[in-house]
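Report on one structure; see the data block that follows.
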Amino acid sequence: MKTDKRASIAAHPSVVIYLKVWGALMVLLLLTIGIAHFDLGDWSVAVALLIAGVKALLILLFFMHLRYDRREVLVFAGAAYLWLMILIIGTLHDYLSRNWLPRL
Amino acid sequence: MNHSELTQPVDLPARENDSYLAKHTVRSWLLTTDHKRIAILYLLSILFFFLIAAIAAAIIRIELVTPQEDLIGADMYNRMFTLHGVLMVWFFLIPAAPTVLGNFILPLMLGARDVAFPRLNLLSWYLFITGGMVSLYAILVGGVDTGWTFYTPYSTTFTNGHLVTMVAGVFIAGFSSILSGLNFIITTHKLRAPGLTWFRLPLFVWGLYATSIILVLATPVLAMVLVLIAAERLWGIGIFDPAKGGDPVLFQHLFWFYSHPAVYIMILPGMGVVSELIPCFARKRIFGYKFVAAASVAIAVFSFLVWGHHMFVSSQSVYAGFMFSILSYMVAVPSAIKVFNWTATLYKGSISFDTPMLYALGFIGLFTMGGLTGLFVAAIAVDVHVTDTYFIVAHFHYIMVGGMVLGFMGGLHFWWPKITGRMYPEAIGRLAALVTFIGFNLTFFPQFVMGYLGMPRRYQVYPEEFQFYHILSSAGASILGVGYLLPVIYFIWSLKHGPRAPDNPWSATGLEWTTASPPPVHNFHQIPVVVEEAYQYPVPASPPLEAALPGKSQKGEPL
Amino acid sequence: MKVEGQPLHSHFETLQQQENASTLGMWVFIATEVLFFGVIFTAYVYLRWEYPAAVRAGSLHLEIVLGSINTAVLLTSSFIMATAVLMAEAGRRRLASLLAAITAAMGVAFLVIKGTEYSMVIAHGFFPGAGGGPVPGREELFFWLYFLMTGLHALHVFIGVGLLSGVAFFLRRPRGVSVNAVRNIGLYWHFVDLVWVFLFPLLYLASHR
Amino acid sequence: MTFPLFPEQASLGAREVDYVMLWLIGISCFFLLVTAGPIAFFCFRYRRGNQVNRVHIRKGALALEFTWTIIPIFVALGLFGLGASAYFRQRHPPEEAMELHVVGKQWMWKIQHPEGKREINELHLPEGVAVKLLMTSEDVIHSFFVPSFRVKQDVLPGRYTTIWMVPSKPGSYHLFCAEFCGTSHSRMIGRVTIMPRAEYQAWLLTGEQGESPVAAGARLFRELGCTGCHVGSPAVHAPNLNGLFGSVVPLEGGTTTLADERYLRDSIMLPNLQIVHGYEALMPSYQGKVSEEELMAVITYLKTLGSGKRGERIGGPGSAGAVEAGGEAARVQPLHLDMRTPAPAVVQPDGAPAAGGPAKGGTPP
C-alpha cells in the first residue's frame, strides 16, 4: 500500500491559533463594512474583493487545515479557484473587448 | 461480506465459484458495490440509450434522402435530432468509456481491490439511471425541439417542448459523472499497488485521470447553467433575455465552458485505450511514454481555455475571437504529439491485426482526420463560413464516432476475455471492424464536401444540389448500422458459446492480466508488487527467434 | 482490524490511507461546489459590468445591518466548528458533540436572520416580478441574482445544519460517527462560510452608503 | 451533373476565405501523409511473421519529440495568422458602404434598401458596390448566411450586428438561416441576386416605392413627439442630437460611452438606463410603441443629423465642449472596390475610452 510520508498529525493546530484567526476575521469584517462607507469609485470592488480574499485565505489555511495537510490537498484546493478564474476571466474578456473595435 | 472473510488469504483459487459473476440473484446485481458489476450495469444501460439515439439517427438519415419533407413533419424532425443529440452526448458518449471500461479496468490496472468509494460508485449508477428515466419521460411525453445545445432565447421563451423535464434529467445525470470522476481521481491517487509509481502507470490510467479532472471541474458548470435555463423558463428571471438586461451570448459562454471540455471527456479514454492496444499488438514498448502521459493531462487542462471557438459568429468580440483561436490551435498540439508517438511505436514492431488492433488503427486514421478538420474550424475566417453547416457535423462525428466509438469498441474487444472469461469470434470481429470503418467513411466524408458547399445544419428541407451527398451519407449510415449490430450479436453469442479465455489471451503486460479472467470478487488473491516500467514487451532479439512464433495470434502461453 | 469508531473498509490497507482518501475526496467535492457557485458569480460579474448603475441601486435596498450580523454569525460558527473537529480528533467526543450542536444552532440563527431579511426586502416591494426601479428589468435582474445566490447559499446552510445536528447526535454514541466524517462535515461548513464571505461584499456593499 | 468542391465566389471576400481553405487542405494532407504513410508502411513491413530485422536499440528520442512538438506549434501559429487576418478584414466595413437594414423574424428575412425598397427573403444587390447589412432580430437568434459570399453572422434580439461584402459576380445565390430558430428553421431561406449597377438602378424604380428609411425616420421623429423636446425648445431641457452618432457622450456619474447604434437604441427604448451628464430622466420610454423597422429608420435619420463632421458635439450645456473621439474618421472615396487594402476608414481601436471609467455600449463588431 502507498505509505504516506508526511503524517498530518505532527503539526496540528491548537484552539489558541483558531482564536487568533477568528479575531482577525472579525477585524476584517469590520474593515469591509467600514470601507463600504467611502466612495472609491471603481476601486471599491477591488478593495472589497481583496479583503474577502484575505478572509477566505485565513479560513482555507487554518480552519480547513490546508496549512497542515499534504501538498496534494493544496493543489486540489488551488485548482478549484484557478478554474473559477478561468471561467470568469474567459467570459469577461469577451465583454471587455467588445468596445475596442473602431466605430463603424 | 464481513471483514473476517476478507483478511485471511483465500488459499486455493477455485475457478468457478470464485469469479465475480458467480452469484446471480437480483439483489446481488442491484445492490452490488463491486466495481466490476457496476461496470456491467453501466454497459447495459448505455447500450439501451445508444439504441434509442441510433434509431433517431436512422430516422433522420432516411428523412434526409429527399430534399422535401415526407417521412416526418418539421417539428418531429427537430425533436428527432434533439433526442439524438441529448441521448448520444449525455447518455452514451460521456458515460461510456469512463464508467464501463474505466470502472472495470482501473482498479485491476492499479492492483486495487475496488475503487476508493464503492457505495458512491453505485450511487453514481443510480443517478445515471434516474437521470436517464427522467429524460426518457421528457421524450415520451413530447420531447424537446431546441437541439442539444438549448440555445436561449428559443429554449427559454419560444419553444413549446418539455424543456424543464429534459433539463432535469440531464442535471441528475450530470451528478453521476461528477461522482465517477471523483472516484477515479481518488482511486488513482490513493489505491495504487506497492511499487506502482506515477510513471509506471498504464497510459489508460493516465487517460482516465485526465478525463476525471474534466468530469469533476466542468460538469458542475453545466448543472448550474441548466438550473438557470429552467429558472428563466419557469419564472422569467431574464439573465439570458435581452429585454430584461440579460444576454443570450452569456448562456453560450457558460454552456460551451462545459461542452467543449465534454468533447475531451469523450476522446481521452479512447486515446488511453489506443495507447494500450498499439504496444500490445505491435509487441513493442510505447514510444515516448512520458510525452503521451503528459499530453493527456495537457489536453485536459487546455480544453478549458478554448470554448470560444464555438461562438466566432455569435457577436463575440473580434479580440476574444483571436484569443480563442490561438488557444484552440495550442490545444491541437498535444493530440498531434500522441498520434506521432503511436506511429513511432509501430516502427520495428511485430504487428498482428487482431480486432482490437483494427479498431486502434481505425481510431488513429479517423481521429487524425477529425483533428485536422479541427484546424480548419479554428481558423476564424473558415469557421465563419463553415460553422453551423454539415462541415461541423462531419468534424465532430469523425471525433466522436471515428475516435471515441472505435476506441471504445477496441477496448471492449481487448478486455472482453477479462470481463466475461470468454473469447469473441476473431474472424467476424475483424469483418465488423472493416464494415464499421467503410460505413463510417461513406456516411461522413460526403458531409465535409456538402458542408463547405453551404448545406446548413439541422435542415430538414434543403436545396436539390445537396441531395446527391445526402443519399451517399444515408447509404453509408445503413452500412454503419450493420457495423454496430454485428458486435452486439457475436458478443452475446460468445457469452454462451465462446471458447474459454486464458488469463492472458493477448500475452499483454499490465496488472489486469495477472489475475484470473473473469477476475475473483476481490481482484487479486495477493496484491501484486510492481517492479518495472509499463509495457515491458520483450525486444525481439533476432529474426530466427521470430520464426518460432506461431503465425496466428491465438497464443495460449505467455511470450 | 477495527479501530474505535472507524471501520476499515475492505479495500484500504491502512487507516491512514483511508482517511487521506476521504479528505481528498471531500476537497474534490468542494472543488465542484466552487464551480457550481462560480456560474452564478459569473452572471453577477456580467451584470455588474453591463449595468453597474442597476447593481448599485439594487444594493442600496438591501439590509446591510442584518447582512453584517449574518456574516459575523457564520464566521463565529466556522471557528466553533473548527474547534469541534479538533476536540473530536483529540477523542473528547462529548465536547465535540456540544460544539457541533452550537454550530448547528448558529446555522439556524443564520437562516432565521436571512428569513427576516427576505421578508423586509419583499415588504419594500423589491422582489423579482415587481418591476421596481427606474429601468424595467435591470434592477429586477439584480434582485433575481440576489435571491438566487443567497437562496442557493441558504439551501447549503440548511443541508449543513442537518448534517451538523446528525454529527452532534451520533458523536454521543461510542461508534456513531467516525472522526473522518466529522472532519469532512467541518470542511463542508467552512466552505459554506467561505461562499458567504464573498457573497456579502459583492451583494450588500456594491454601493457606498 | 458537376460536383463542385467550393461554392461560387460571388464576393471579393470569398476568394480570401478559399485561399485560407486551400492552405488548410494542403497542410492537412501533409500531416495525414506524415502519419498515415508511415503507419501503412510499418504495418506492412513489420507485420508478424514477416522475416525482417527488428533489432531496435532504444535510444533517447528527445530530439524527435521536440521536433514534432515545435513544428506543429509554428504551423498552428501560421494558420492562426491566416485565418485571423482574413477575419479582421471581414469585420471592418468601409465608412461609406451602402447600408441595408435586415430584420430577422421567425422564419423570414425582412430587408430594406437605403432607397426605401422593401423585400422579404429576397436581396438584390448592385455588382461591385460595398454593402453593409445592419441586422437585428425580433424574437430568437437567427444567422444570416450566404455561402457564396462565405459570410455568416448571428442576428440577435435587442442588439445590432453587421456584416459587409462587395458582390462581384452577377447571378442568383442561396441565403440560409444558420442558427436553429424553431419549427420552420429550414424554410427561412431566400435568394440573393446580384445585378450590374445599371440594372440595379432600374430594378429600384420598378414595383412599389417604399419610403426611404431616412424619410421615414424624419416622419417618425415628428410623429413620436421627439421634436417637442430635442429641437431647441426653451421649455424643455433635452440634449441636442446634432452630430450625436459616433461621438463620445459624457454620462451621469463621470463615465462616458460611445454613441453608436446600440446607444441610440437603448436611449429610445430605455431612456433611464444611461442619463446624459447634466440632464434629468424626463424622457418617456418607447418600448412597445416602435417596431424594429421604425426604430432602425429613426436611428438612420439620427445618423444623418448634425453638420456632417463626425466626433464633434455642438452645443448641449454642461458637456464641456466636444470630447474628441478616439480618432478622427477620415473621409473615404465612395465606392471602395479593392478588398486587399482595407479602406483608410479603419481607425485604430479606441483602446482606453476618452475619459476614465469603463466605456459601455459601443458598437457590436
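Note that the chains are named A, B, C and D in the order they appear, and that numbering of residues resets to 1 at the start of each chain.
Just so it is clear, contacts are C-beta pairs under 8 Å (C-beta built on N, C-alpha and C of every residue); 3 or more make two chains touch, one makes a residue touch a chain.
The structure presented is a predicted model; accordingly, all values stated were derived computationally and were not measured.
Across the assembly, the mean Cα position most removed from that of chain C is the one of D.
Interface comparison, B-D versus A-B: the pair with the greater number of contacting C-beta pairs is B-D. Ranked by how close its mean Cα position lies to the mean of all protein Cα atoms, the top chain is B. Rounded to a whole number, the gap between the C-alpha centres of chain B and chain D is 38 angstrom.
A straight line joining the Cα centres of chain A and chain B is 36 Å long.
Centres computed as Cα averages put chain A at a distance of 15 Å from chain C. Counting only residues that touch two or more partner chains, chain D has 91, 358, 360, 364-365. Residue numbers of chain B whose C-beta contacts span two or more other chains: 189-191, 217, 221, 243, 249-250, 253-254, 316-318, 527. Residues of chain C in contact with at least two other chains: 12-13, 17, 20, 24, 28, 31, 35, 38-39, 42, 46, 49-51, 135-136, 138. Here chain D touches chain B in the complex through residues 1, 3-7, 16-17, 20-21, 24, 27-28, 31-32, 35-36, 38-39, 42-43, 46-49, 51-56, 58, 61, 64-65, 68-69, 72-73, 76-77, 79-80, 82-84, 86-88, 90-91, 106, 139-141, 143, 145, 147-148, 150-154, 156-159, 161, 174, 176-187, 189, 364-365, going by the rule given at the top. Chain contact summary for the complex, chain B toward chain A: residues 189-192, 194, 217, 221, 249-250, 253-254, 257, 304-305, 307-308, 316-320, 323, 527. The part of chain B that touches chain C in the complex is made up of residues 1, 3, 6-7, 112-118, 178, 181-182, 185-186, 189-191, 216-221, 223-225, 228, 231, 235, 237-239, 243-247, 250, 253-254, 522, 527.
Interface residues of chain A facing chain B in the complex, by the touch rule stated above, are 1-2, 72, 79-80, 83, 86-87, 90-91, 93-98, 100-101.
Residues 12-14, 16-17, 20, 23-24, 27-28, 30-31, 34-35, 38-39, 41-42, 45-46, 48-50, 64, 68, 71-72, 75-76, 78-79, 81-83, 86, 89, 183, 186-187, 190-191, 193-194, 197-198, 200-202, 204-206, 208-209 of chain C are the ones touching chain A in the complex.
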